[in-house]
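Here it is, the structure in full.
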Amino acid sequence: MMVIRPINQNDLKSLYRLAEKTGIGFTSLVANEATLQKKINGAVRSFCKENVSSPTDEDYLMVLEDTTTGDIVGTCGILATVGLEEPFYSYHLGTITHASRELGVHNAVPTLILNNDFTGFSEICTLFLEENYRHSKNGQLLSKARFMFMAQFPERFTEKVFAEMRGVSDENGVSPLWESLGRHFFSIDFVQADELTSQGNKQFIAELMPNNPVYVNLLPKEARDVLGQVHTNTAPARRLLEQEGFRYENYVDIFDGGPSLEARVQDIRAVRDSRLCLANIGQPKGAGEGSYYLVSNAKVTDFRCILIQSSIPPDTAMTLTQEEADNLCIKTEDSIRIVELSSNS
Amino acid sequence: MYLVRTVDFADLPALERLAQQAGIGITNFPANRERLNDKIASSRRSLQTDVIQPGDESYLFVLVDTSKDEIVGCCGIDAIVGNDAPFYSYRIDEVVHASPQLQIHNRIPALFLCHDYSGTSRLIALVVDKAHQNATAMALLSKARLLFIARYPERFTKRLFVELRGESDKHGYSAFWDALGKHFFSMDFQKADYLSAISNKHFIADLMPRYPIYVPTLPEAAQDAIGVIHEKSSQSADILLEEGFEFRGYVDIFDAGPTIEARTENLNTIANQKSGKALTLTEISKGAMHIVSAGHLESFRVTAAPAEPQAAGLGLEQATQERLAVSPGHRIQWATL
Amino acid sequence: MMVIRPINQNDLKSLYRLAEKTGIGFTSLVANEATLQKKINGAVRSFCKENVSSPTDEDYLMVLEDTTTGDIVGTCGILATVGLEEPFYSYHLGTITHASRELGVHNAVPTLILNNDFTGFSEICTLFLEENYRHSKNGQLLSKARFMFMAQFPERFTEKVFAEMRGVSDENGVSPLWESLGRHFFSIDFVQADELTSQGNKQFIAELMPNNPVYVNLLPKEARDVLGQVHTNTAPARRLLEQEGFRYENYVDIFDGGPSLEARVQDIRAVRDSRLCLANIGQPKGAGEGSYYLVSNAKVTDFRCILIQSSIPPDTAMTLTQEEADNLCIKTEDSIRIVELSSNS
Amino acid sequence: MYLVRTVDFADLPALERLAQQAGIGITNFPANRERLNDKIASSRRSLQTDVIQPGDESYLFVLVDTSKDEIVGCCGIDAIVGNDAPFYSYRIDEVVHASPQLQIHNRIPALFLCHDYSGTSRLIALVVDKAHQNATAMALLSKARLLFIARYPERFTKRLFVELRGESDKHGYSAFWDALGKHFFSMDFQKADYLSAISNKHFIADLMPRYPIYVPTLPEAAQDAIGVIHEKSSQSADILLEEGFEFRGYVDIFDAGPTIEARTENLNTIANQKSGKALTLTEISKGAMHIVSAGHLESFRVTAAPAEPQAAGLGLEQATQERLAVSPGHRIQWATL
């Protein structure tokens, strides 16, 4: 069975193995033992906090475990807040209008404006699934388990959350936006800039990036075309978030132009439509056919989330097998949270 | 021989012919009969006005080939630009972005829209018929204006500037315009250039980019054109640079042609001009080439001729005296050419 | 009965009478016959267009008529697009972070950034109800009838719509934001600036307003406090829009700091939840008690919307009285659109 | 009598006492023993270095009351500022916003963060004990630096600047800081001032506003403080302004005190200084007051004394010769006080 659970201190080796597979540009999971250990420490500390009244520096990193092999095959995370230690930068794609009634000319010129508007917001991040597990709705489970956690513990997150999506670059890692814009100001290469940023070292952005809005219409076409566009590999992840209610609100990454998607927590489908019910343990009817459901427990430190297929829509109670209950760390009569895996499944 | 004199309404057809020859990129001198007529009228009116300090006067001079009594060139001065609508330029400033930690220190040139030349006198539109683009005619026409300024300093500001025509090809294509202005004006260079000459300039404020343009983000061809003088203007530019005009980092907003400036008093012709009596040249010495002016305001005229400075004034040939309509004893003004 | 309908050429006098009552600061309805006649012409032209595939310059001005007296007692409108003739300006309240790890200082500084981001968007506007009609849910009918029109004809509007809310000013019309900011740049007074703007004359904004972001923390407290706040009189209108799903997304008026509220058309409750059903004419059961419903027809030129109270939730058909049907300009079997007046009525 | 000489490690206690007296607002001269010791060390090292062009040298001079052999003042020069971290100032520039249609033409002053003085030599920290703030001591100390610069021009840039202390009350309250800096630094003026003196200045780049500040939007008290010199610095400011330093629209980012600048060659003392032999003053004439320097680098010293220019050099009293440790025939340098 595939189970989402908080990362723990025994996962370092597995996490390192995963990090090795992520490849260039996946800066939130770099194959460096010290960095990963620090990340695990932060996550363990965050999941251990029993009482949190408002989000601060928690970093909820979860893993997807294949219980049949005991392997860790994916990660997903939520940062309670970003930008409170080091500034968090984005470009806002705005509009400046230049019009002359006299000449009958009207130009709405798009501009990129450097900002820190996401300061203090929660971010969903660090989504990675091993290639040979990209089937059986594992990707959806991994991504959406986070919304179950947020639905259960909304006080741990901000009203709005966002996700940064990887932008367009070619097979050599060359980003058209970087080549036309960032390169002129940074005197370092994209990979180096990206790495510095991921290490939380962002002072150089303030120092080197132009303060003034950049006119998008002056950029070469190949750079304009990638603003707000995701990398081919990221298109499915984007679609998934959009189906959950996330929207592109004209914020893009300052380096590669990848879009940030945002949503109010309460408007996310999985949050809005999920509900608590009581768990029974026994022989579920209609299992293994029909709709898929995300099922999670209502615990922080021992948070768990799994996927169950059932042809009978759950009511105020739901029957689980003993194995399912064990994997969810629950007993009969415990509260569980359920929602359909997707709105059209 | 050549004579420079103030313009008259009868010169309109000749001016129109010159303007058509001049072509694109000389925004101060549009091939539009009505506007040219306005310019002549403004010059006449300005010369008839009592001026205590510079205002919206403008002065237009023509170059006459006296052998055929034909107009073969023209030039002008605006007493002040930017009075009715601001006069826009790009100032090239370096923006410093440095990261001590990364040991990066970038100086990035950027174009800032400004109106730093608003309120300043401007030399405009030096246009000479192709057949007459020789050194004497060019220098005479260019420097005649400076003698006028020296004679009537109260009519001009202490600082003078000239816009030199920027790079564009024979079809009027400007790489700089193509990379920048086009995106904001939604029209081609010729049209913008023409509109800027014939209309008030509010549309520039309405349409121009309000934020600085970082030069390295422009295409290379556009970067290369910044501050470069159009081939056709290099001769007149050289005359001005020799006079003491300097480039101070300002360029035209349309074609990025350089703007050059000077304090009036520092220009060679103005610093070195003298005035005194017209005398007759002794027959032995022919004298060096001078530019010599005579007459007051409307009758102001300038010619180039051999002449010899003497204690009491300047010795002129009989023909020169006739060209200038002066007799020995008349007050004249001169400088070496 | 109270009926919403498009304005027509006979309404000039009534509209003028209403305009006289709106008072200072209500710049979209100024008591000037020529201006009002122009507005009526524009509205009549817009409602006459039978086929519109995408929004352009339509101005849908509607009125609330008391059919017992024949009086026009309120107005509401929708502009299909703003900012395509003259620029439409707003301030975006963004964030710039200044942080020094060395000193342990972290400041998230709010900034006002001038923009034309609403260029090309649909706007709901010109909401005014005569004082002695501010009862019996007339205000809600007037405001929400627009959503019925948008639900029926979404192709006439942009995906997102917004509304500008009047900002804070005192009884003398003094706006704290204007006093601290606009005044320094405009050399004219607030009322004059506001009037010029409402006449569509906005060139002076580009000419006089600073291009650079304004640091909010440098403004006096009384100016900071009104950013995104509505005038006391406008608080009910704001609440009403927020209940329908409109959100304040940090855009404010450049003069008085009043908030712009925005929503995706499909997310507006009245749009999302409204549905078409068939009209029967007869003796409705359960009328005059229970929930209130907005009921509109499905016509453009003859658009009508009324309020009906019923204790029986309408199904695929709804029975109307002859008077109701007449006021809706419909016959038996015609399509009508219905939705509950509010989500909690 | 007074003597100015280069600083030595033995002077540390005296400097610390002076720094405590000087108080807030003299960022170049913090009352921090370690930093003062560093400054002395840097001065010693700089004097011992062969310099071809200015680098990170700094020079510190002390004013000695020779009657008690007591240190009663100090001043210094930085060969170049902004080498390690940029040197920040506010440049006051006018932004023009005009609407021809409404006939409004606004010129709005705004503060632009810049590092235009990076790479320039700076005079620093003129501090004199209260009991010795007389005209002679102040002028001697201030001008002694200029003689040093005249003597060793290769050690300094062609442009010099000085930051004058801005307005603050006796509790260190600055209306300008209160209205501006406080919001960005989240600390009080004293602390920012102190940090700016003792730490590298990266935190300024990190925390300062990046966009221009429009002056009219600041509270009036803050507007009024821009470019105003602190009462306590007016005497030393007057000396510098008379020397030829000018205000060019730059102010301090913390207290808005004015920055004044000059081209080295245009300063009175530097333009008029002479060098020649030390001679003995004829007993009859007492001579006018001069500042006179002698010695090389580490032994460089300056005093103020009556002296008389003569054909071969400068006539000095016996006491002056002793103070400067020169004998007739030694090479000295002087200017009128």
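A few remarks follow.
Order of writing sets the labels: A, B, C and D. Residues in every chain begin at 1.
Quick note on the criterion: contacts are C-beta pairs under 8 Å (C-beta built on N, C-alpha and C of every residue); 3 or more make two chains touch, one makes a residue touch a chain.
Chain identities (UniProt): A, B, C, D = Arginine N-succinyltransferase.
These numbers come from a predicted model, not from an experiment.
With centres defined by CA atoms alone, the chain at the far end from chain C is D. More inter-chain C-beta contacts link the pair A-B than the other of A-D and A-B.
The distance from the centre of chain B to the centre of chain D, each centre being the mean of the chain's C-alpha atoms, comes to 45 Å.
In this assembly, the C-alpha centroid of chain A lies 36 Å from the C-alpha centroid of chain C. Taking the mean of the C-alpha atoms as each chain's centre, chain A and chain D sit 56 Å apart.
Distance between chain A and chain B, defined via averaged C-alpha coordinates, is recorded as 62 Å.
Multi-chain contact residues of chain C, defined as those touching 2 or more other chains: 96, 98-99, 111, 203, 206-207.
Touching of two or more other chains is recorded for residues 98, 101, 202, 206, 210-211 of chain B.
Here chain A touches chain D in the complex through residues 203, 206-207, 211, going by the rule given at the top.
Residues 96, 98-100, 102-103, 105, 107, 109, 111, 180-181, 184-188, 203-204, 207-210, 212-215, 217-220 of chain C are the ones that touch chain D when the two sit in their complex.
Per the touch definition, chain B reaches chain A in the complex via residues 95, 97-99, 101-102, 104, 106, 108, 110, 179-180, 183-187, 195, 199, 202-203, 206-214, 216-219.
Residues 83-88, 92, 94-99, 101, 106, 108, 111, 113, 115-117, 119-120, 203, 206, 247, 249-250, 264 of chain C touch chain A in their complex. Partner chain B is touched in their complex by these residues of chain D: 84-86, 96, 98, 100-101, 115, 118, 200, 202.
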